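Here subunit A shows up in two complexes: once beside subunit B, once beside subunit C.
And now, the complex of A and B:
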């Protein structure tokens, strides 16, 4: 602090502090407090706001219960509230998306970091970046076109004779998962590549020379070294997937609802902002817990993830 | 064995690129299909009608303008805010730094839906209605984090001795900032501005909840896909992809030219060295 004053003088130091205050307090902290506060308020007509009925209650949070439906979890049937079910499935399938992106990205990042000649790297990265620069809304739309009932995928599969009649791809959660994987796989690739690139190739060679089969080299040498990259990629992909509204809404599988769509329905169609706040806060709380758990499990800090 | 593994690697790379690019090709192809639905099969003949329809669609151009205005506003606010945050974090240490840093990074991980709703509710209590100005504020809250990370990384390579020297030689604080610190940060500020701009154009979640009645491009495309889709969207998609490709090609050509010049210079240096050796 004194250091700052000495270097930049009073005016500039206070400008820095003022701008940071504006960002962190006005744009981040206070709105989140307001979100929390609103989430306990009842949904009232305008003239009753501030009246005797305007008291704090848990009702908004309790709205997640009720309307029980059958929940089939790998053959296990039990009744569960519809919105809880959507919440649980959103988290579960976000995990599935994270796992698939990791499986897809791991071999590629190894290839980019250790196999391919460094000369062609910039060109390859450019080719990988182009789809990333294309808007997410368009990339989801592309998959919507591919997966529709009369779409290219069905026609292609029928032409080569793999299937005899059209398959309804846009059903349940699988089209959402497919599109999310496509949209976010590069967010797994780049941190993984960064981590893998910093591994000394001699270590791999040493493992080879000492007679380790290739899979053990990966398991014992490369994977442990990549842990921060895995953590960073996994947290990014998981958060993006769980928080995605665009992808599930465009794919619009009626039997594959995402929790963000529930929030959107309450906010924009139901116009119940306070209940929307409660649901948004639940999502925020869950995300915070998920990130902290991931940081514990992988033993990484926030600055590792931010890289 | 070695050959095999290398071959598998190349094959996987090619397949991965095909996987990334085919959906975009399918979408672009549909822009030329005379079919009323956006698809490539069945092919009903080549047409340019969707491009004409796109050109005549006023709402889309308003949305494009809104998007650019919002993105520029985000750049103008997020870059100074993120830079100030980075300088502040860089000059303190200990527990306060960890907390401050955590607060600055966390918005990246907060779901856009949460940012959108909390921004809307917060400003609503001061009777600030929804609209694109709120979208700007909501977007800045997490885009400034990217700027902060870029500037902070750049500050690591900054020699603070330069500032000391300037101060000792009688420079004012403003001069130190303007002539020494900022020039060092220019690359990071440029990258920060570019990232802010593109992040803002991409944004959907925050904008959807705060926009009021106004459209941005992503929101407009989204509402189009949800209501009546015509291949106009595909025509727009193709144009956007082409813009991206042109930018990418320019970047690549530029990079190769630089690499060539660099290589030529190195070769010349080696020749000169050899000549010297021979002469001695």
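And now, the complex of A and C:
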């Protein structure tokens, strides 16, 4: 604080701090708070807002129940409300996305941090960054095109003779998962790379010298060291995936609905902002719970992630 | 158990740069052998080649008589103690020590028992469940030694393990290391740039300069009979004279310098004249031979000895060391005196080993 004052003088320092607070309070906290508040109020015609019917209620939240359908979860059949089903699948497949990004990013970050010569690092990072120059919309469309029935993937597979008939890739949750993995894998890669890089290479060599095969060195030395990096990457990918509207909307797999699409339907098509807000907060709440449970299971603390 | 190591014409190149140049040495089983040399002379590179992290560009390395080229570090009977120790900070002490056993599939109870045994060996009782960050520098040091001993290596490789410790602890750990080596009988290869350490602990010392092994000998010979100027000046202080050899005979010669002509030993090729400060005697009158008149410029009291600096008429700086035992009066700066040395304590030595030697 004193540092800032000395460096930028009084006027500039207070302007900085004022603007930051303005951004935080007016643009982030207040709107969210308003949304939270309205999620507890009924959806009423404009005339009745503030009237006798405008009372606090949990009804919006309860709207997630009802309209039971059959839920087939890997062979397990049971009846479940349609929206709850989408909700559960969204959280589950966000977990799947997180797991896949980890499986992809771990070897890659190890390669970048410990194997590759520092000379070729800038080139490799450039290659990783180039896709980021293209907007997420275009990247999602690219996957949509790749996966369509007459798309390049089917054409390629048929040309080399692996399949004899086009496969409907855009079906169920797989295309959404694939595209989300592509969209967010770097959010896993960078924290992992950072963690991996901060590991003293001598520790890897020490394990090697003591006779450890490569997998044990990873399991006992490298992976534990990277845990905070994995945790922060996982939280980011999981939250971004669960909250992504763009990717599932563009892929538009009718049998692979994302909960954000449900919220969008209620808010924009149904014009029911109150119920939409309630659903959005439910998603946020459950994602937070899922993350805290995962952190408990893997014994990571918040302070580890902040590092 | 312990094994000897042969380095046979070993070279190591990094690109165009030759870090280790034709090193030949046979290290005996159970020997405490030190590589001594200045920073960057290739010591670590030699250790990394023995442990298998770096392959020699040329030459053969044998451990216990077996050529180990192509063997991975985890297949070699060596244990390396890294310059920065490289303990595993996320494991408790005992798991650190037992890691090598865990790798070998030893069950947990046995591992724990063995770790406790080793902790006792290195004088670290009751630390099994502590974390690495809770230990002091010297204690970490011992954990690193215990961890390396756990795999019962035939050869222990130590890369300047004491350099991070303070002086008192360093001297204590020297004795400790030496004792552990005697107790276990394992071959120790020790790396240091501290001559005192190398001389005090080792059975033999190999002095290195710029990737080349200059001399291999026991500590006394290294100090008393250095083969060249590099060894003489790296291991201890010297008064150095440049000049020309005259009338060489029977390993003795006259050496004409701008300061005067001196008698000295001439063990090999000609070069410069080296006289150690402790071999300089200060007297009020000139000696019969090998006597230099000086004006004392500085008398530095160092505790167990006194370092006396002087300058000759020709402007050459000289230094003598007197024992602080009351046998001679300590002169004061400004007096005119003579520094005298015996011919057998002075040697004419070539600069350093020539290429390919």
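Here is the rule we go by: the second predicted complex is superposed on the first by the 267 of 307 C-alpha atoms of A that agree within 3 Å, B and C clash if a C-alpha of one lies under 4 Å from a C-alpha of the other, contacts with A are read in each partner's own complex, and residues count from 1 in each chain.
Operating definition for what follows: a contact is a pair of C-beta atoms (placed from the backbone, for glycine too) under 8 Å apart; a residue touches a chain by one contact, two chains touch by 3 or more.
These numbers were taken from a predicted model, which means no experiment stands behind them.
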item: First, second, both or neither for A:232, with subunit B first and subunit C second; value: neither
item: Touched partner set for A:141, first subunit B, second subunit C, both or neither; value: first
item: First (subunit B), second (subunit C), both or neither touched by A:224; value: second
item: Subunit B or subunit C, by number of subunit A residues touched; value: B
item: Partner chain(s) touched by A:207 [first = subunit B, second = subunit C, both, neither]; value: second
item: Which superposed partner A:216 touches (first subunit B, second subunit C, both, neither); value: second
item: Subunit B versus subunit C as contact partner of A:101, first or second or both or neither; value: neither
item: Interfacial residue positions of subunit A with respect to subunit C in the complex; value: 200, 202-203, 205-213, 216, 220-221, 224-225
item: Residue numbers on subunit C that touch subunit A, as the complex places them; value: 51-53, 72-75, 78-80, 82-84, 86-88, 90-91, 99-100, 102-104, 147-148, 150-151
item: Complex contacts: residues of subunit A adjacent to subunit B; value: 1, 3-4, 6-9, 11-12, 15-20, 22-24, 27-32, 34-35, 38, 104, 107-108, 110-112, 115-116, 122-124, 126-131, 133-139, 141-146, 148, 150-152, 155, 182, 214, 235, 239, 242-246, 249-250, 252, 260, 263-264, 267-268, 273, 276-277, 280-281, 283-284, 287, 291, 302-303, 305-306
item: Residues of subunit B that touch subunit A when the two form their complex; value: 5-6, 9-10, 12-13, 16-17, 19-21, 23-24, 26-27, 30, 37-42, 80-82, 84-85, 87-88, 91-92, 100-115, 117-122, 124-125, 137-138, 140-141, 144, 149, 160, 163, 167, 172-174, 176-177, 198, 201-202, 204-205, 208-209, 217-218, 221-222, 225-226, 233, 237, 240-241, 244-245, 247-248, 251-252, 255
